[in-house]
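Here chain A shows up in two complexes: once beside chain B, once beside chain C.
Coming up: the complex of A and B.
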């Protein structure tokens, strides 16, 4: 069982790694988008496992993007290094916010994160000397000179980082700590879990992943702007993906991202000005009718069928 | 311990120093004071219904600003197709949004009342996105503003000129606040609502119809905020995203005042409104006024968590 599972993962990995050999540029670009959103959806879900909800993905995503682009432009750093530093910057910022806000949790934390994208947008817009102000900053050339195979490998590695982080958390004591915090904070506290420390830690890690993703995205498309980098898309889509796929698991958000990522390509062409409506509807319907998501619902049914 | 409590408890120092501050401000930058008051009341009117929902139904409605945005578009449509003045259309909008509130409660909100807070937040966030994008599809994202003559009315005292139309916000805030207080304290329905807010199970035991109370309070709040949209759109241009910042500012005010403290919201919005206008009055810093509420809410949360630790 165990060996066959490892083998399966290995085959999937090799297939994904060699995907550029079999497909064209268009599909690779679609894959880029899917993998970017997959990393965001998974990082959002990782924080959700602790019972805290963040609406601040777009903010940290944009911070990562801006940091990466500005470091590359002004300090002449290698793009890859600047992307990693973008992730670190988002992580440090999240640490500061988390230390200040995570003492009061639940809706207070949610609202503060909801405001994050807006706040960073205002800050970026008001520092025109550094960030280019409302027009944003354009890179002289995209990363790898726009080579779609290499950019695909970049997004693939970003997505892998988030999948591996999620799996590491799932297999270690972090998982138990976060689950018990989600289920009952008082019990968690009396079992000796430092609730505050764990929450700040997980918020920091997930934000760093979001910053990393933002850095990669900014370098692939070669520009950052207050409206584009902090767009509500980067909050709304990952949430819809994670909810559709199923919360509190690694594979839920992954499945959701693949499904919705492909659907979104189609939707963008069909209803260019209102395609976000669909994601809002998915969130509402998922919460009302199947809070377990596709993976959770299917898993339960399979188990029931297996038991019967 | 809320801010207004502290004021009431006779911290004369605070009262005195704020009075001095206001006097200084009145002579130095009088428009900051007047416009701050108007803006404060604008925030208060929007925050009050949200506080009502949060205090009694116990749901944080992230789609609050979006309902106001819809109300504004509603008034706009009434004006374009029926030639109705937005201020007259307050009444049909109020009725329509009472119905919309009822439908929203029956169809959506009711199902997450017992669910974890997380699901409630996600649901209302999804609802906000749906409403926003619906407006985007129907009316596009182009800002809309009606050409109304009376909104630019102004008065002059000495060398100081200010807009008088915006005092309509002050009037609206007072009407809503006093009306809600009377409703909650003097009518049996309002008292039942307060009881439900304190303890739904206890209220049920003494024979209060909890679900119907929730329905009433939710619809009433949506009606109020929708109707205020009609007033809002006379002065401001409207677009699908116009409501979202108000949701966050409203929550900031509620967190400052303490949940269930309607009067406190007025005081807190005065602080926020005047402070924002103070920042706006300096050239070069105006862009930063939008993040003031964020600094305020983070500050409030830090103070609150300190208080909780001491306890």
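Coming up: the complex of A and C.
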């Protein structure tokens, strides 16, 4: 059972790695978007496993993007190094913020994160000498000179970082800590769990992933701007994907990102501008009829069928 | 020797005095009963000792160390374990995993050791079918799981908050035997209970709380004949 599962993952991984051999540029570009959103959806879900909802994803995504672009442009760092530093910057920032605001829980924490995203945008817009102000900053060229195969490998790596982190968390004591904190903080504390430390830790790690993703995104498209890099899309779409696919798991957000990513790409071609409406409807229907998400609902039915 | 000692322990909630100047000593080899009418402050007492609330005034000494300002997770790691009056299983984790949480964090064991510890405790308490979902368990099983969860942190002092509530006669007998077995492992026990038969059967000493104050202390036979205790439970004669 275990061996066949490992084999399955290996086959999927090799297929994804060699995807540029069988497909064209267009599909690779679609994959880039799906993988970027996948990393974000999964990072959001990882924090959700502790019971905390963040609406600040776009903020940390933008911070990672700006850090990566500015370090590359002003300090002449290698793009890949600058992307990694973008992730670290977002992580350190989240640590500082987390220590200050993670006394708050639930809706109060969510509102603070929502405000944070806005604050970063305002700061960036008002530092024209450093950030280019409202116009943003354009790179002389996109990463890998726009080579779609290498770009795809970059987004694949970012998504893999997110998937592997999520799986590590699911298989270690972190899973037990987060599940306990989500269900009952008093029980968690009484079992010896340092609730505050774990919340700061998970907020920091998920924010670092969001910063890393933002850095990759900024280098792929070759520019950062207050409206583009801090767009609310980078908060709302990943949340929708995680909810559609199924919360509190690795494969839920992954499946959600693939499905919604493809659907939105298809709809964009069929009904320009109308696609967001259909997109919204899909989310409403999914949440009404599969509150566990696709993976959660399927998993339950499979378990039932297997047990009967 | 006293495993736990409180000095002038006081806790206010706004204008309400839930505990007022309570001095209690738990000896390391005893089962101490904590009784009193509803609202006397029994559960608040456990919560203050476990660190869920900090005391407004007064001190708590555990094994001679002042733990009054320590947060709950540190007190758990020092060896103060507790169950909850209203059972609080963690859904999303199986029966065995619920118990493992205690061993992983209270005792700092690795995952495999924690699993072994949890399995051993299940056997000790007579729990089977480890991978079960916690939403499909009987009252007795959930109570046992909570005890196992607390035991997995390897407490030196264990508080049982109304573990007999909701159990039928046979189950109560089984639970009484279990408490004795736990005590024979060298764990001091503080037990809050309304069923006096259980208190008589199990405890070496009893403390009585009323309106947050300690009104009597001593062996059950003595305390149960104390006129102040009888008044507290039955009220003044008209």
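Heads up, the rule we're going with is that the second predicted complex is superposed on the first by the 287 of 308 C-alpha atoms of A that agree within 3 Å, B and C clash if a C-alpha of one lies under 4 Å from a C-alpha of the other, contacts with A are read in each partner's own complex, and residues count from 1 in each chain.
Just so we're on the same page, a contact is a pair of C-beta atoms (placed from the backbone, for glycine too) under 8 Å apart; a residue touches a chain by one contact, two chains touch by 3 or more.
From a predicted model like this one, the values you see are computed outputs, not experimental measurements.
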Could you tell me if A:248 is touching chain B, chain C, both of them or neither one (first, second, both, neither)? second
Partner chain in contact with A:227 - chain B first, chain C second, else both or neither: neither
I'd like to know which partner A:179 touches here: chain B for first, chain C for second, both or neither. second
Which superposed partner A:135 touches (first chain B, second chain C, both, neither): neither
Going by the contact rule set out at the top, does A:288 touch chain B (first), chain C (second), both, or neither? first
Chain A residues touched - chain C or chain B, whichever exceeds: B
Touched partner set for A:192, first chain B, second chain C, both or neither: second
Of the residues on chain A, which ones does chain B touch that chain C also touches? none
Can you list the residues on chain B that touch chain A in the complex? 60, 62, 108, 111-112, 115-119, 121-123, 125-130, 132-134, 136-137, 140-141, 244-245, 247-248, 251-252, 255, 287-288, 290-291, 293-294, 297-298, 301-302, 304-305, 308-309
In the complex formed with chain B, which residues of chain A make contact? 48, 51, 53, 55, 97, 100-101, 103-104, 106-108, 110-112, 114-115, 118-119, 122-123, 125-126, 232, 236, 239, 243, 271, 273-274, 276-277, 279-284, 287-288, 291
So, in the complex, the side of chain C touching chain A is made of residues 50-52, 71-73, 76-77, 81-82, 84, 88, 90-93, 97, 100-102, 104-108, 111, 149-150, 153
Under the touch definition given earlier, write down the residues of chain A that touch chain C in their complex. 172-173, 176-177, 179-180, 182-184, 186-195, 248
